[in-house]
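Each of the two complexes below includes chain A, the first together with chain B, the second together with chain C.
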Partner chain A sequence: MIKILPKITTIIGLVFLSANSLFGAKNNLTLAGSTTVLPIAQKAAEAFMDLNKDINISVRGGGSGVGIASLISGSVDIANSSRPIKAKEIKTAREKGKNPVENIIALDGLAVIVHPNNPINELDIKTIKDIYTGKISNWKVLKGIDQPIVVISRDVASGTFEVFKEKVLKGEKVRDDALMLASNKAVATTVAETPGAIGYVGLGYLSEEVKSIKIEGVTPSEKTVRSGEYKLARPLYMYTNGVPRGIAKDFIDFILSPTGQKIVKETGFVPLE
Partner chain B sequence: MGKKAIGFPIFLVFSLNIIGAAETKLSMELWNRYTLERKDDKTEKNAFSVERGYFRLDPTFTDNIKGRFTLDFFSSDKYSDGAGLKLKYAYVEFNNVIPIPESRLSCGIDKNYFGTVYDWEYVTIEKALEDKEKVAASADYGVFFTGFIPQGFGEYAISLINGEGYSKAGSKVNINPSPVINLRLIPLPGITIGGSLLYEKAGFIDTIKTEYDKRMLYAGVARFAFGPLDAWFEYLSQQLGVTTRGEYKETMSQGLMIMPVLRLVKPLDFVLRYDQWDPNTSKEKDAYSTLIGGFNWNILHDSQGLPTLFIQTNWQRKMYEDSEKSAVDLIMVQLRWKFGNTLQ
Partner chain C sequence: MIREKLFKYFSLLAAICAIVFLLSIIVSIFREGLPIFGKVGFLRFLFGKSWHPTQEPAEFGILALIVGSIVVTIGALLIAIPLGVGSAIYLSELAKPQTREILKPFIELLAGIPSVIYGLFGMAFLAPFIMRLFNLNAGLNAFTASIVLGLMVVPIISSISEDAISAVPKSLREAAYALGANKWETIRKVVLPAAKSGIFASIVLGFGRAIGETMVVLMVAGGSAIIPKSIFQPVRPMTSAIAAEMGETVVGSDHYQALFGIAIILFTITFLSNLITEAMKGKVKR
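Let's turn to the complex of A and B:
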């Protein structure tokens, strides 16, 4: 064995040299992950590409878990996430030579929404939990109309679901017949079209087609999210491998700039300042 | 392999949803392999096979209680119908039951948290060194406490296992469970160092004829991942205490593995591996080494960038310290493919 070790060392050395030669600069930036962060990322990318004609930015959804896994596998430059990275994800990333760095780009509130004809205006977190776990299954129990509650949730790959699970469900599972949908948009559309439905979306997905209800007496808004008064508030993240550099740094700096934070506000989310 | 065995997983899929798993991930992974083995200019093997057929169910009962059930269907000449069946994993895990953040307690047949065998991703078609040399199985029956060190600085595991591996049960298992300790540290991104220890004491019951009274197994692991290069190193040592005709003696086995993997272009990896194993360091001419070279081509990925259709080609040469023994050459081509869905 000892005889062959110098040969092996030489091979490894050659492989390292070849590896270095494969690094190179590029003009493309790829983002994937949270569908909550998606509208901010898309609009910011369009504005950034207008200012930098030689740069191409590609943005896709998939959910926060997918974005972070893609950052670890090296298939994206930025992972969009609506939840903080998990311990297992950080460990896997570091093992593979990646160093996920958190960049908070906006704030959001999880807005609980119902069909516009629903007379319910306010719920507390425990009642929402009872609805989602199946303990309450008809609106009449909550002094609403006699109508079964149709529970709409996000799928398990979603950071929005993770945050809802942590802040509302507190470890309990969603009732078996809940509709688990793949995007904020799908939740908003389904609630708008289904009398008796309840769902939750990022602030950016609120519209006149759904009714946002008060949580513990507080309306989700820029003011209540920033002050922390609204209980279902959360930061939105863009994770990079290491401290952002090159185009990734320029893009994140752009989102954090007054122009980028204006885009955050225009898309319905809460700017950092 | 009985026909009832095929019906069992189908029964499980339905029953898991009936008994209230919030969701169940259902997946299947198959390894189709071609093997050509040559020794002394003669062909010893030239065959196609299904080396693994993993059928997996991963039920989630609550946020903190999950399970895993994995059956392995594989080609085998031990059975008249040419296929075998093994229970690979069957455990339930409880997260954060002990007030240590990011900890997990599991019981059943879980991974054997030793050396490189528990996170071996088969970058080469060949198994991890400890699995290949049959000193530690990839899974075992027992109780497992595992967790992550905060901020991604590593992971740890403490387990109590049978020690004989997942393929042995009942009268083939001695009366003394084996403790296993594993620690991996990641001081800097891309640099992993760690070690494992397994202690096994033979239980004196008539049905077990062990070759040793006690066994101590150590592994030292290092991994360096920078850019497109990912290199693994493992040192493995086994100490056996044997009583022969009333005289107690200790023998030692030693080995190492070096495995650099280079990403050539996005879907194509080049892998090299060198293994050395000396079954008894006090004996002459019993050591052997293996050199492996090959390519891994990730044809299709899932949404997370993980391969779902994957071709591996390996050339492998086993060389003996004893110059009278001829080297054995293997050429293997393997197609790994997997698919799955989540039942909610």
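Let's turn to the complex of A and C:
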């Protein structure tokens, strides 16, 4: 009996230790939400964990709506979002005693892209709207090649579409037969393969396989997005319950620091300064 | 003795778990989705032609999504039935044992490929190819999606049909040969009719697989919520609408409920097709 006593104490000790690391909520930070913000959050989390070995950050996607719902239900500390929180969501949050606070962590520009062989270089927002709503359906109308325009859009529920709807469509519907694709990558790939195509993607998805169009004379770039000259741009958010505190504050401060903003740039988005 | 009992109760528990999971899935889908039928009206939800869930005011008519699902599923079956049943006949009736040993694993391997890989293949390779071949404006459409889905369904139809054909008693074939029928006549007039319900069950199972497949149609079908005028137009099957929109929508909103409403419809369709398969399987045994 006496012999096994030390063993038992060791086991109990170990159980307590592991329970502490498993349930020690103090050192854990969880994020969920927008797939647009995901790469920034993920890279920043890795860098942050390298600097703070005792902190564990887990980042999930799911979409902006899922992130905000998880923040309201209390299952995450930070909700990543590519759109501002909606009135209905604020109302639900208040009912559950939560107070979502907005933190802008980066900027994102939407580039309008066409096939590299398309001679069109510049469009204004009104023309893009006419193309997307179906009033213009052949490139020849815009002094391009005589070829039907293949309109490519993101899914109507995506944060990217929401920005496009607000800045370009101004409430009107996309033509019914537009291709509605599920990711930025899918839009870029399809435009690269389809001669008559027009699409829009985040600046991070531009490559040599597609041609980006000047909008009202402004080339989409980091500089023009930050200065506000380029019209198709949006902020990216991290929402916290109340003013960020503890690890959440440290993490958001880290993203806003020069090191964090360098990560923003590396992942293809636009740093705040 | 105790061990035996323990094992019995453990396996009973496992069986009950499966029922509990199924019931909780059904309850949660219906609880989240039923309210939309009240708000929009069941018939207007089911037969409404316009799906504009994020517009002001929003429109929740899913007819185009249902038609989209049906078009790609029928397209897939048109490709998969001849290939699946044909390969099943070859494997069970005509192939030499060695050929069969080589061929069968390949067909089964098709079933093991993750659907996202089928999707990538369709998006990056097949879609541009179809676009050039038929001189279309865009390659992501119902036709391309049907081909990819069809490839996915072939192994299901092939392996279940093969089981059904192999299960036909040898005596029937011998009787046919004794009456002077040749191989082709025996297959066509004796073996296939005898294996009919098993083959039909495989087709219904393939239907369920095709209509429930999500990743491939999300990547390849083009995603436009329209009732297509030709098979070369893009479609938005029910599964891809749910997958693409669920993540970004506000939890508890009308749009959220409408997506669960689509899930109810989809669940009902696949549930019915499974019932039919089960009924067919019962017939085979008798």
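As a working rule, the second predicted complex is superposed on the first by the 246 of 273 C-alpha atoms of A that agree within 3 Å, B and C clash if a C-alpha of one lies under 4 Å from a C-alpha of the other, contacts with A are read in each partner's own complex, and residues count from 1 in each chain.
Methods note: contacts are C-beta pairs under 8 Å (C-beta built on N, C-alpha and C of every residue); 3 or more make two chains touch, one makes a residue touch a chain.
No experiment lies behind these values; they were computed from the predicted model shown.
Undergrad: In the overlaid three-chain picture, which partner chain does A:Ser158 touch, first (chain B) or second (chain C), both, or neither?
TA: Second partner only, chain C.
Undergrad: State whether A:Gly62 touches chain B only (first), chain C only (second), both chains, or neither.
TA: Both partners.
Undergrad: Of the two partner chains, chain B (first) and chain C (second), which one does A:Ala182 touch, if any: first, second, both, or neither?
TA: Once the two structures are laid over each other on A, A:Ala182 reaches chain C alone.
Undergrad: With the two structures laid over each other on chain A, which partner does A:Lys173 touch: chain B (first), chain C (second), both, or neither?
TA: In the superposition, A:Lys173 contacts both chain B and chain C.
Undergrad: A:Ser75 in the overlay: touching chain B, chain C, both, or neither? Say first, second, both or neither.
TA: In the superposition, A:Ser75 contacts chain B only.
Undergrad: Just to be sure I read the superposition right, which of the two partners does A:Gly228 touch: chain B = first, chain C = second, or both, or neither?
TA: A:Gly228 sits against neither chain B nor chain C.
Undergrad: Once the shared chain is lined up, is A:Gly217 touching chain B (first), chain C (second), both, or neither of them?
TA: neither
Undergrad: Could you tell me if A:Pro258 is touching chain B, chain C, both of them or neither one (first, second, both, neither)?
TA: The answer is neither, since A:Pro258 touches no partner chain.
Undergrad: In the overlaid three-chain picture, which partner chain does A:Glu95 touch, first (chain B) or second (chain C), both, or neither?
TA: Only chain B is touched by A:Glu95; chain C is not.
Undergrad: For chain A, which residues belong to both interfaces, chain B and chain C?
TA: 62, 65-66, 69, 88, 156, 165, 171, 173, 176, 180
Undergrad: For the complex, which residues does chain A have touching chain C?
TA: Interface residues on the chain A side: 35, 61-66, 68-69, 86, 88-89, 92, 147-148, 150, 155-159, 161-162, 165, 171, 173, 176-182, 186, 189-190, 193-194, 196-197.
Undergrad: Using the touch rule from the top, collect the residues of chain C that touch chain A in their complex.
TA: 52-56, 123-124, 127-128, 131, 137-140, 218-219, 222-226, 233-234, 236, 240, 243-253, 255-256
Undergrad: Within the complex, which stretch of chain A touches chain B?
TA: 1, 4, 8, 11-12, 15-16, 18-20, 22-23, 62, 65-66, 69-70, 72-75, 87-88, 90-91, 93-100, 156, 165, 169, 171-174, 176, 180, 242
Undergrad: Would you mind writing out the residues of chain B in touch with chain A in their complex?
TA: Contact set of chain B toward chain A: 20, 22-23, 60-64, 101-102, 148-155, 186, 188-190, 192, 223, 225-231, 256, 258, 260, 262-264, 272, 274, 276, 278, 287, 289, 301, 303-306, 342, 344.
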